[in-house]
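Provided herewith is a single structure, encoded as structure tokens, for subsequent inquiry.
Chain naming follows the written order as A, B, C and D, and within any one chain the residues start at number 1.
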Amino acid sequence: MNAWLYVGIFIALSLFFPALLAVLGLILGPRRPNPIKTDTYECGLETVGETWVQFKVQYYLFALVFLVFDVEVVFLYPWAVAYHALPFYGVVEGVIFVVMLAAALVYAWRKGALEWS
Amino acid sequence: MGILSQPIGVIAEWLRNLLLGWGLSQGLTTVLLYLLGGAVVAILVQTWVIFLIWYERKLIGRIQDRLGPNRVGPYGLLQPFADFIKIMTKEVIVPSGADKPLYFWGPILMDAGVLMLWAVIPLMPMVGMDLNVAALYTIAVGGFATLGILLSGWSSNNKFALVSAIRTVAQMVSYEVPTVLALLIPVLLAGTMSLHGIVEAQHVWYIVFAPLAFVIYFLASVAENGRSPFDLMEAESEIVAGFHIEYSGMVFAIFYVADFLHAFTIGALAAVLFLGGWRGPGAESFPLLGFVYLWIKAFAVYFVGVWVRGTVPRVRVDQLMNFSWKFLTPVALILLVLTAVLDHFVFGLGAWARALSHLLMNVVVAVAVLRYLEHHEKVRASRRQMVAQPGQYPVARPPRPAVAENPTEAAS
Amino acid sequence: MTAMQIIFLLTAVVTLFSAFRVVTTPNMIHAALWLVTTLVGVAVLYVLLSASFLAVAQVVIYVGAIAILMMFVIMLTRREMRDHGPQIGKQWPWAAVLAVLFFGGVVWMVQSMSLAAAPAAEVPQTAIADLGKALVSPNGFVIPFEVASVLLLAALIGAVYVAWTRRHS
Amino acid sequence: MIPLNWYLILAAALFSMGLFGVLSRRNAVAILMSVELMLNAVNINLLAFWRYRDPAHPVGMVFAVIVFAVAAAEVAVGLALFIAVYRRFNSVAADEINLLKW
């Protein structure tokens, strides 16, 4: 619990320091906005169209494969911690789990979801 | 307890007694001490960035046959201070149409996501908090940095920033997978997620046990940081300057600080996980020596990172993704399975016998992977030859028309 | 009122306020960010419950992966779904009544039960290793463990199949 | 110490908000977010009972971890469906996707 108290305090501090820098920048710097200056940068041209452009499905697929991997790997961490106390079939079960993970990778690979077209 | 063997412990004890003497309660004293300790660590690493900026500019300069900063102060040492003062007096231009609170949350989250890692890095023996899930914590706070990038790209109200942010996030999540898998190997070998525990378990450094895991961890972390050769997010010719294009002044400097700090933090984490952390001759009796060892090891890894940055040209975006998904991740998976099976049988042996058997396994895997890549390259070369001679059987498919790489294309 | 209770109440306020914003804010990206705040608040609750591993896993899975995925999809499906225009359906009063009724019912039920005021025992130091052992022990949860991996594999296959279309065919 | 019913009431409040969101939101992604709120409320309950009743055995933690997996699978498939639906209907508003409605 004490460890978490320290981590909590540290998290608050690590949010505080960059925020302090930003506030300092806002205070010490000049502040003279005008419409041309605050205009969106687009290589010197006027902005055309909506800013919130749409994206390829490709990005979603990468994030999706990542999500599945992330969740499965989180399952593996307690297994790794208990690893030395496990009998051999416990190890084998972990390996089966990893093989499932590999199967997911192979499927995404064969399907072409990992191609950047 | 002498001041030399327990410097931090002695100071903390003295401060605790002082505060208790003032009539503060036990709980409040603990909170104040933690606050003080945390502030010391945070300020130390943030200040260290000033040196890193000078060092990296100098080193990159020398790699590129330039002098690097050399005007302000001896060897240009005061250059970062001059830059800092200059950037302090610059205007923070918030673009029109920006989502203001999120615009500031972006850089703050990004810097905080790196700084938070220092809460669990064991700086020296018996100092620092022993969080029992520290290894996974290092992955968790990385999520905040990712979120910060997405926020700053989205809130800037700029197409290029948004395209770059999405790209960067896709890159970061892709490289998080091999990072997580490689991190699993030290956890498995040590049987604990506590970083203190991992350091203490390294009677033999884990780089001897698992050099491949170290390489995977290092490469994936560098790529996650988005440094050259993986700096697609800053590809000047495609997306002008990346997700932080609309940032200026001090707020931009926060991104800069976060980048350098991240590079060094990768070094520190790699040192803790694979290079024995504070371990070294005499570290147990003189904890401050352990701190020096850790710093030297972290700096060595950081040096290699800068070296790579100054030497290797930028990769293409499809190569970038393939490198993570089709090379690092499968190798990490194979390595994980083999490590798990092997360690079950050699755990009972002595530390060195265990380490050597793991090393042998790693070497075999590395040779096999290199052999496979060679073979793969040969097959591809022969395929290319077929394309070069049309009319012959079998006719390979014609080369694809080149797709122009520009943001509107990527965005469609 | 102990320090723990104060921390709990602060966390509860933050969590519930952000949950409220998740279901009411018209801007979808803001909703996703409020969701992140809620989930971090829940992670703090897990810490208070001494479930360190679950707290960290919560942040890794939800903040690091699920929230990012959601924001990607919000940006992907954006052309029609502007943030102006109603984001709450006309049926919202009924939904509110139902939610309040449900909450009242649960509170009434919880208050009528006699519940422990303090935990029965401390969490053992080896909780994470115990969890790991339970996940692969035949007397424990090996079937759910392996089924979870199959479920995730199936989810991946399904999701890739549904979302993926070949560009030029 | 914090009494158990504080956790239960907090979880109930979170669940009710999720319920409200599921029933009233128009955007399908927002509905999915509300479902996440409900799942988290369930997880709080599971862990609270684990902590107060039987912390020596990891049963409650196992349940919570399985809920994580289910939540991730649900998000993955749900969002993929929304992308497919969006491609077809150019909208992710739940009340406009009524082809199967009688």
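Things to note:
By definition in this document, contacts are C-beta pairs under 8 Å (C-beta built on N, C-alpha and C of every residue); 3 or more make two chains touch, one makes a residue touch a chain.
Note that the structure is a prediction, hence the values are computed from the model and not measured.
Contact count check for A-B and A-D (C-beta pairs in contact): higher for A-B. As a whole-number value, the distance joining the C-alpha centres of chain A and chain B reads 13 Å. The distance from the centre of chain A to the centre of chain D, each centre being the mean of the chain's C-alpha atoms, comes to 21 Å. Centre-to-centre spacing of chain C and chain D amounts to 6 Å, using the average Cα coordinate of each chain. Separating the centre of chain A from that of chain C, both taken as means of CA atoms, is a distance of 17 Å. The set of chain D residues touching two or more other chains comprises 65, 68-69, 72, 75-76, 79-80, 83. Looking at chain B, one finds that residues 131-132, 136-137, 162, 166, 169, 173, 176, 191, 193 touch two or more other chains.
The multi-chain contact residues of chain A, meaning those touching 2 or more other chains, are 4, 52, 54-55, 57, 59-60, 63-68, 70-71, 74-75, 77, 80-83, 85-86, 94, 101, 108, 117. An unclassified topology is adopted by the chain contact network, corresponding to no line, ring, star or complete arrangement. Across the complex, chain A meets chain D through its residues 57, 60, 64, 67-68, 70-71, 74-75. Only residues 30-31, 34-35, 37-39, 41-43, 46, 87-97, 104, 107-108, 111-112, 115-116, 118-120, 129-132, 135-137, 156-160, 162-163, 166-167, 169-170, 173-174, 176-177, 180-181, 184, 187-188, 191-193, 240, 245-246, 249-251, 253-254, 257-258, 317-318, 321-322, 325-326, 329-330, 333, 336-337, 340-341, 343-344, 347, 403, 410-412 of chain B touch chain A when the two sit together in their complex. The touching residues of chain C, when paired with chain A in their complex, are 47, 50, 52-53, 57, 60-61, 64-66, 68-69, 72-73, 75-76, 78-79, 128-133, 135-138, 142, 145-146, 148-150, 152-153, 155-157, 159-161, 163-167. The part of chain A that touches chain C in the complex is made up of residues 1, 4, 8, 52, 54-55, 57, 59-61, 63-68, 70-72, 74-75, 77-83, 85-86, 89-90, 93-94, 96-97, 100-101, 103-104, 107-108, 111-113, 117. Within the complex formed with chain B, the chain A residues making contact are 2-7, 9-11, 13-15, 17-19, 21-22, 24-26, 28-33, 35, 37-43, 47, 51-56, 58-59, 62-63, 65-66, 69-70, 73-74, 76-77, 80-86, 88, 91, 94-95, 98-99, 101-102, 105, 108-109, 114-117.
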